[in-house]
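Listed after this line are the structures, all set down as structure tokens.
You will see two complexes here that share chain A, one where it goes with chain B and one where it goes with chain C.
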Partner chain A sequence: MPPTLISPSENDYILRGVDANVRADGRGRLDYRQVILETGLITQASGSARCRLGEGTDVLVGVKVELGAIELDGVEEDVAEIKAKRGRVICNVECSPIASQQFAGRGADDFNNELTQMLDRVLNGPQSGLDLEKLCIIPGQQCWIVYIDAIVFDYAGNLLDTIFMTTRAALYNTKVPKTIIQDSGDGEIIFDISDDVEGWERIEGWDKVPVAITLNKIGSRHIVDATPLEELTTEAKLLVTVNKDGKVCGLQKSGSGSIDPSLLNEMVQTGRSLGQSLIKSLDEMVRREENDINLKQSRRERVEKLGFFAAT
Partner chain B sequence: MAFQFLSPKPSSQKFIVDVDMDGDIDMLLKTERKNFESQVVTPGQLITSDAQSMRGHGTYTTESGKCAASVAGVVERVNKLISVKSLHARYNGEVGDLVIGRITEVSHRRWKVDINSRQDAVLLLSAINLPGGIQRRKTEADELQMRKFFSEGDLLVAEVQGHFQDGSSSLHTRNLKYGKLRNGSFVVVPQTLVQRGKTHFHTLPYGVDLALGLNGYIWVSKHTTQSSKDQDSDAIYSNENEEIDQERREAIARVCNSINALSRHFLHINDTTIKLAYEASLHFPVKDLLKLDVMEAITSEVKAGLR
Partner chain C sequence: MSRLELIGPQGLRNDGRRVKELRKINCKPSVLSQADGSAYIEQGNTKCLAAVYGPREARTKAQVLHNRANINVEISLAPFCMSERKKRSKSDKRILEIASAVKQTFETIIKTELFARSQIDIYLQILQFDGGTIQICINAATLALIDAGIPMVDYVCACSAGCIDNEPVLDLNYVEESHDTPELTVALLPKTGKITLLQMESRLHVDKFQSVMEMATTGCKKIYHILDEVVRENVKDLLEKKK
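Our next item is the complex of A and B:
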């Protein structure tokens, strides 16, 4: 359970440790913990991934693509024109009471909203990189709706970074069924969803989906991948979302402290370079996992997902 | 700056034959082994169908009258009494236990302290030492400056003094060994892993002090001599840390990480295991101790050392 209080001496110990580049767990300022990642562990979902960061922080993301109607009610005409040709992305983040006692009952509501909104803001705009027009089946009528549901099972700091990287892995894993559109002749368009197991495609633009790097300002320095105690010491937090080209896709500052303009610049640059290398390692990992599975299938071996039966 | 992604590992279901250092194999019969090894159960799992047995904590009787576990943990048998000790149970204070706690609330003549118990423990104003070691009744003036002694969030080491009617514990810090904690970092482990010992204060040879709370809270700090504490007894409630050099910081971090590695692999935590883990960890840089394979290497070395 993450603590909500910190003593002044712990605070001081962490602060001075950050300054000396020896954090309480021996890491340097820009060291990330190991991530354990598995994709495709939920069979009912179109795509899924689970990430565990270091000792704790356990996030499961499920992606479901469903058929839906394009809703144009009460939308201005010029907006409707664009909307008619697009699919939708709907995000939801939920913190399980298993993660912390504070999340029991209604305790997690505000936090859930905050996380959901953050994910939604990044993924529901042009910066998300997802090609929403490709998700449209019949303009003005039918489209794919991508539901992204994240659930937090354990909390040991640095939650948003984990949610974003898990989402990216889950989107890579997502299979959108192919559709065959037919014109029946009388102006009516009908479509069929491919029954073929092989008849799927990836979500267009998954590779452009950004990841997030949270930079915690402690003293006059900043650190990444903070532990819960370090998060309590943090004066100001800056969330930098970066895509694979190193383009900044979003910034969010939280916390009551202030950030010096020169430090802000430095933090964004750190976030950019870290984000890019995070994406590189993440992509390598998900591709390697997929290749392993393909190899096994070609050898007609059983492919077993460990899911929650994993030992570590 | 490198990011490391790993695949999850399967839990091995095969029976692992333990081969010790000399290559000897445990040759106990499977039936005999049952008498020595602890039995781990999950909720709902049948423990025994013996009608003679008595049900203890962590068990229930099924419809067919058999005894089943209601929590995940280790089966404990005392004659006919069968109970299951949960691995992640909350702490149940016993008089005389050394605990580490965090102040959650300052109220009328008392502090509420989180000690990983079902309810917060109580530290009465009358159960603390005044600065300077003066012995007197606590006055209203003391009551007004309670936050000068302990305020919300402060960590302290204390002893369980007794229990209240509702089951919550009462603590005291009437000893120079007890009081506010400074100069170090805080580690949480499952409470079951810390066993009662002769002493829970240890000084490790690496210039690190250790306070093992029986409630699973552990404080790892820079070594300070007792005499310097006595000299300025006004400072017992100070929040100021001493200067800690880089080397000492790394030693503290190393001890913390060793403890975390032990708890991850469910090994008992006492000064012997911590020393073994620390020595085993010296082959690796401190930050590598967070890596799972390194943790495994260290704990297997500890297991070998314990034999």
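Our next item is the complex of A and C:
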């Protein structure tokens, strides 16, 4: 992470700016930086997306869907019953040393773990919206395992929001091959995986996956999409995860300061409305991209992906 | 199992290239905001991102060299970079070996004696893998080092060549690599033609060596021209922005 210290005068500058609703880069308190989103960049993955926030934070998410066995060893009976009918989601976040010297060697292990757990908690609970039962192929035996791997390339604040945004886009981009299940008659079930290019479906419920909005309390106000310097000024952070229906799917307070109950309510409400509009604009972005590609393909034109960094 | 035909009857390889053809190279320097120098490079389906930090103070005292800069190379592979998902630990032997090969290559090229007691970090991240790890790592690192403005003697360009059915073939992809094709990776300084890295891990008849070697060398020179053009273009853009 770039700076780890902030001088009192810088601190004061940010504090007053936030109070006057003008931040160092000219944004208001509740403005996001420009989001660049691209999907389908990694051909070897089932789905992928890359998101760049402003001139900084850069995250790449690759989703791989692989066949796996349903594991029921050592699970209690009533839990096993539910588990037998479900696929799995496995998350992993990695901060590449490319983003910061602090992530070199084993330096990022703790931080990686924290981010992984955060993503995992949201995507593996019932609030994730993903229909895990649709990922089951043969109950109690075979299922699809969805591996979500996020890599952080560049850091300029507001990492978690970006990871969630990118994950959502990558899940939209993910293609799960269709399976044909046959009962061979003697109680044994066999299945075939379609090898047709067109024989795929989206992960059911990708659109219900929530996004996260981090609200940073600075002075008596709160801001979204903080830059690294603003993050240093932040007294307390509140992570609000919201789905497209505006339902709050999770809250987490971090940071050393405290939040007044009345402000807390206001922050949650802000997070909620911002999250909903963010989801709308993200969905429009990925859909527009896909429509463009489909249109080009139908006209038999060559589809040129911008490639990772050509857009910036 | 029948052996897969790597070169078709029309002389085309499984990805549609001819034997003397390189994969399409796309690259762009200065892609990241935090690093002192960075580059992104694509050779066909192999994609790599490189970042250079430094020269800066060495992080641990043990790494300090009193007459020159210490070069540190770290390579990581994305879990989704191969056809099967696999998470690799940072102490994977194969990756460490490649990292040390890259390190040795650059130790002779970078003017390390100018930065005594400091450290230069080269971080490489492979995003997608389709053969040719060492060559893409070296090419990406060269671009990133140039972008960071670190004094070097020359470019270093790397390329691989192999021998399929007694015919030398340039720039092997993963399918060709994994079919027991003898693969020779060469890194050289394009201006003087001096070779800084040479690696081959399988059997190749000594009579064939010369032609395979020549093939790899011409590949390196082609890559040099591509990289050089991109670097010049980038500097031109920077100058224009300054006006």
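The rule is simple: the second predicted complex is superposed on the first by the 309 of 312 C-alpha atoms of A that agree within 3 Å, B and C clash if a C-alpha of one lies under 4 Å from a C-alpha of the other, contacts with A are read in each partner's own complex, and residues count from 1 in each chain.
In this section, a residue touches a chain if its C-beta (ideal position, glycine included) is under 8 Å from a C-beta of that chain, and two chains touch if they have at least 3 such contacts.
Computed from a predicted structure; not experimentally measured.
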> Should the superposition on chain A be reported as showing a clash between chain B and chain C, or a fit?
Replying inline: clash
> In this superposed model, does chain C or chain B come into contact with more residues of chain A?
Replying inline: B
>> Taking the superposition on A as described, I'd like to know which of chain B and chain C A:E55 touches: first, second, both or neither.
In response: both
>> With both complexes superposed on chain A, which partner does A:A20 reach: first (chain B), second (chain C), both or neither?
In response: first
> What is the contact status of A:P97 with respect to chain B (first) and chain C (second): first, second, both, or neither?
Replying inline: second
>> A:L295 in the overlay: touching chain B, chain C, both, or neither? Say first, second, both or neither.
In response: neither
> What is the contact status of A:V75 with respect to chain B (first) and chain C (second): first, second, both, or neither?
Replying inline: neither
>> I'd like to know which partner A:M285 touches here: chain B for first, chain C for second, both or neither.
In response: first
> Touching A:F153 in the superposition: chain B (first), chain C (second), both, neither?
Replying inline: second
> Which partner does A:L251 contact after superposing on A: first (chain B), second (chain C), both, neither?
Replying inline: neither
> With chain A superposed, which of the segments 8-16, 26-34, 62-70 or 152-160 in chain B collides sterically with chain C?
Replying inline: 62-70
> chain A residues touched by both chain B and chain C?
Replying inline: 55, 309-310, 312
> Mind pulling up the chain A residues that touch chain C in the complex?
Replying inline: 2, 42-45, 48, 55-56, 58, 60, 62-64, 66, 92, 94, 96-101, 104-106, 147, 149, 151, 153-156, 307-310, 312
>> Touching residues of chain A toward chain B in the complex: what are they?
In response: 3, 5-10, 12-14, 16-17, 20, 22-28, 30-38, 52, 54-55, 229, 273-274, 277-278, 281-282, 284-285, 289, 306, 309-312
>> Under the definition above, what is the set of chain C residues touching chain A in their complex?
In response: 26, 28, 31-35, 38, 40, 42, 45, 47, 49-51, 53, 56, 59, 72, 74, 76, 78-85, 87, 90, 121, 123, 125, 127-130
>> List the residues on chain B that touch chain A in their complex, please.
In response: 1-12, 102-104, 152-155, 180-186, 239-241, 244, 246, 249-250, 252-254, 256-257, 260, 264, 285-287, 289-292
